[in-house]
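Chains: A, B, C and D, in written order; residue numbering restarts at 1 for each.
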């Protein structure tokens, strides 16, 4: 029997459950984006968002999806024909590579099995072979939303440093920002790409670029055509609290509220909570006798868990049962994982009891969909939640 | 570590979790309560609310708490010195009796152990002894919110009928209306008392009286002073869609939305859902090795479950741990049950995964508060949820 | 042509236009009314509301309309058979007198022409004649919402003082509180009655009683039956931040926000703004060649202006034209003024341009309804707004 | 004295005043953008938006500002080096030309005085001279937001037709759509560019492209690099109700509500209302003795009126006085009009009394800023409003 009642559990790996505080903040009347009140709003936000990126440099906010922020990172720093290295960590990394090709970039993709993060050793090899510094940028997805594998950015950075290679480091933190410790400055990232609807707990509609000084220098030399995404006029207008094109005012209200919420909880507590929820979820998956898609213990995502089903089972059928029966959305397998995995989002505005409810819904759904779990995943998860380091 | 994060689980037995649909409906601008748009609103609501009470007669809506609606039931139908029979089913029944005494009524309270509903046999005895029909009213709390025992109103009615006794039947449905099958007309209830913040899923602020024709006749003869609560001018004004005193307009917006939601799910499905959640909750309590306060299988509340702790344990401590650690509110023991029980609300805008999360929170809280559960209550509850009649 | 478009102008003398800030505040999820967060809310509000009443004593908040707060003032302080003096200042004063009679009080009504406030001289006469102090209370409506006449409470107080008469002074500030300077303590008022939907800018649903120590002493001796309205258990529960019956939580959220808004603007500025808007409105009415109902310059309401039409014209027709054509609600003539006056509300969340729009709507409506104004009222009003003391 | 109280009047020419209905709709929880409920939302919107554009073809919705939608129109249809004709109708037309140059297009700008719409005769000359059909597109701003001049698109179309010229016709309806009659299909427009925050009454954050079949053919041949803006994958995903990149879900909720509101009022009534408000505003400006910037009677904007001040007066000073004193925002002069004009927005969710309030605020502000109006503009406007064709 369908049960579209009670509060929906939006357990896809983003958009995450938007807190009512943010929805209320967003429902304030739109104001003049050229007036003094707006300038105060902008300056507040642009300042408060920096710690979330781990930067003291500028962060640019676009009315766009995260896909737009990808494009911004490319067109602001590169020129047609430039060579870039990318990693096939999953569906989204693949999409980003394809986008780069559309702009005439030569993309050298490091192949992957969609069960690991970016491989630092493979990068080392490529950089070593590139004594002429033809590689202009390295693109990494920090948290691959399609697989639940977290790339180790500090190791990527170390490889670049050890090679003394000047390539830019472009990192997609679309599904990690605000949920996983991230350090734009410390890790020497040049452009950090992100968006609003994951760890920032907002509805979709904002894209971000955090940019290093090196990225700004690259911007000055880059020749891909750009206008909407061009950092320069935005940075110029931002200086006094404005935007050169009309900003998404009400989403900015929500962003201000989101930044307050992250600050109230404290970023370290936020990261610890996500880590604990990831651990509890994996405990559940293993108790059910199923496989976590990500294979490397160092790379498990605190944000989502992709669950690999045994051959012959349709993950979309499981999701459908859970949606209809328990009013809960899970993420589908994407690209070549379609039907093979479902993804449990455990990010954003979330807590232990909501996670317990989520895992209970999955456990019941597996049973109802004809995949009776081997063991009691919820119990295993509760054990992590009560005895974990966070207790 | 305190965790006031994520969405709060408001698992007290009312106010229940208000759906965001209702909160949004309530946030529409207040309109002229003497204008044509308001009249349409009133007429819609007064019509749509009837099936929830199981009546075709009038339902009166007050800006008040449920306590006010108790007072309205008394002052509209009784006169100083009148004798009424009441049942000591718990804290709220006791409060209602005390209120009746404040109005100079002679209240004959049938004693109770706070673990059962109203006793039809005890009523039969009293009616039999009252050949002179001195008893003017019988007051029953349908769902005793302090104990989780549901009184069997049809049996109370049968006792009255068999005795051929003309006493009015006044029933408090404060925590049952909209969650438990209830039939004002069929069961011959004269005044049904209710309020907004339980099964109707609204914030508190509205009180209700559904009234029978017999109650209206009693109203004509009753002499307790009344003005604010007087049914007559309200019924008169309601005829054209108005109120004789300013109504709580924005709560009425919420009520309209709540009635739509109940209608969309369908009352039978709503009742079945609550019954199933009560059953699952009791399965959890028993698996934990704890006692459900209510002792009669026929009287278990589908709305809340009061959990009795072993001697020497402080239920308020358990609640405190759960509030601080899991951002979930449970109901306290009231009156003589203070510290002995906690109450789990499972009513209103609720579903299986939210219940699972709730029970997981209680299970973890018991452990953290030094009452390690004997068995796995969540698992027991999930079994009910997946195999129950509702599946 | 009907034009139910754009933002509605709710220019009745209450409910006033609810600010979106308050509507948003009210749309936060309902919390546990017995939990620690609620206690903080209550204590904040009960403290912050005092300056609005001009008191340092307790203010009681009911889930009720203002009519309920009238009843509370009576049943808490008086006993059946008590004599009270009331003034026939208009429709609402008359309703309050009628209510008093329903509770068995002997009401001595000072007749009035509905175009003046309460007459201090008439009170002096009655008090002089009452050497035995049979009069237990004097009831005055501060701002008579049906006529737009403001009673001079300090003069009423002086008459009581000069007579050395111990009668309680009960004052209805339903439509003046938060809009007109009011001083419960300084003016020696014993019970101040008010509600949420006028100067406090909230939707309807809250009633208030501010009470003096003398009123509390009267409460101890008064014998009218009371329960819901009884101050004692509320004051007791309020001490720790709670209510003895479930409060209207979401309206309390709104009240907190309203008190913040009044504090931000500053009460003196709020009062000055209302005074200026009253003056501008009367300038418009006179320019139109119509009569302001209130005849005494000292008693013009800063909150609303009742406009008296020449014989042979139907004020309800004017209101209907304005509602249909301009999406603006005006107040109807009430009681014996039905059809003779319409009332313009200029209170609460309001500013100069909104007032100008309001008066423009009335001016156009008069013309369309066949009462072409003699002169240009809007221009006259703008002159007051630009040159007034407030500039 | 500053008066930041009461409801803000946002009388800039967009963002316009967002109706509370739309803000409430937008505050619903974000849903899974890959789930069945989302597909229904998308299909509803994509269907309902067509009549507003006057098209039966596809409309593409971006998470972007209107500036992004400009870029989309260019990169989807043109190739580097292509020649386009543009008109210097004002600030925004100039910005669009500059953007085109950034993409390597050769832009032939028809000079203008910023007081007229696009000149059909000048286009005729250019087309005549272009026998080789080097011109690939003609770019016109329908309603120039910086000047209040409306270009006559049907005449532009006729010129193209009479010349038998195959150039694409790209039209910016950013500030006209949903306020002014517009017919994408009938007028043979190839790409109509628009956004959310003007006549559609939404907050900013959505950009639109309505596209003709000819535009789709041009898309197939165009070689400017494109990815985010590429129509093809969006049209493909839209077919089943989805987007290829995460859409701005909550703004789409608002769009659905906006389309309902436009449908309820009826587009012809919406257009007539805007026309009437434009006429009333110009009557006010002339009564004040000031100049309407737009000089051609056929080209007056129904959406905004730019008011040219006499030499020696600073329009920004007037705006500042009005903002501080009357809590009303007006539009600044842009580009070479900075300080010379202010712009009154009278679009979107608006009605006669709000317009009267707006004009009263301007009139008072002019006086307070040292530009005492010659005559009574409000009175002149009210005359139009009561006697206009709309009565």
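The criterion applied here is as follows: a contact is a pair of C-beta atoms (placed from the backbone, for glycine too) under 8 Å apart; a residue touches a chain by one contact, two chains touch by 3 or more.
This one's a predicted model, so the numbers in the text were calculated from it and none came from an experiment.
The set of chains touching chain B and also touching chain C is given as A, D.
Taken together, chain A and chain B share the touching chains C, D. Interface comparison, C-D versus B-D: the pair with the greater number of contacting C-beta pairs is C-D. Chain centre most remote from that of chain C: A (centre = mean of CA atoms). The centroid of the Cα atoms in chain B and the matching centroid in chain D are 54 Å apart. Centre-to-centre separation between chain A and chain D, using Cα means, comes to 35 Å.
As a whole-number value, the distance joining the C-alpha centres of chain C and chain D reads 45 Å. Multi-chain contact residues of chain A (touching two or more other chains): 17, 20, 23-24, 27-29. Those residues of chain C that touch chain D in the complex are listed here as 1, 3, 5-7, 9, 17, 19-20, 23, 27, 265, 273, 325-328, 349-358, 360-361, 363-364, 367-368, 376, 378-379, 382, 385-386, 390-391.
Interface residues of chain C, counted against chain B in their complex, comprise 8, 10, 12, 14-15, 17-18, 23-24, 26-36, 62-68, 71, 80, 99, 102-104, 195, 197, 203-205, 224-228, 230, 245-251, 323, 329, 331-332. Contact residues of chain A toward chain C in the complex are 20-21, 24, 27-29.
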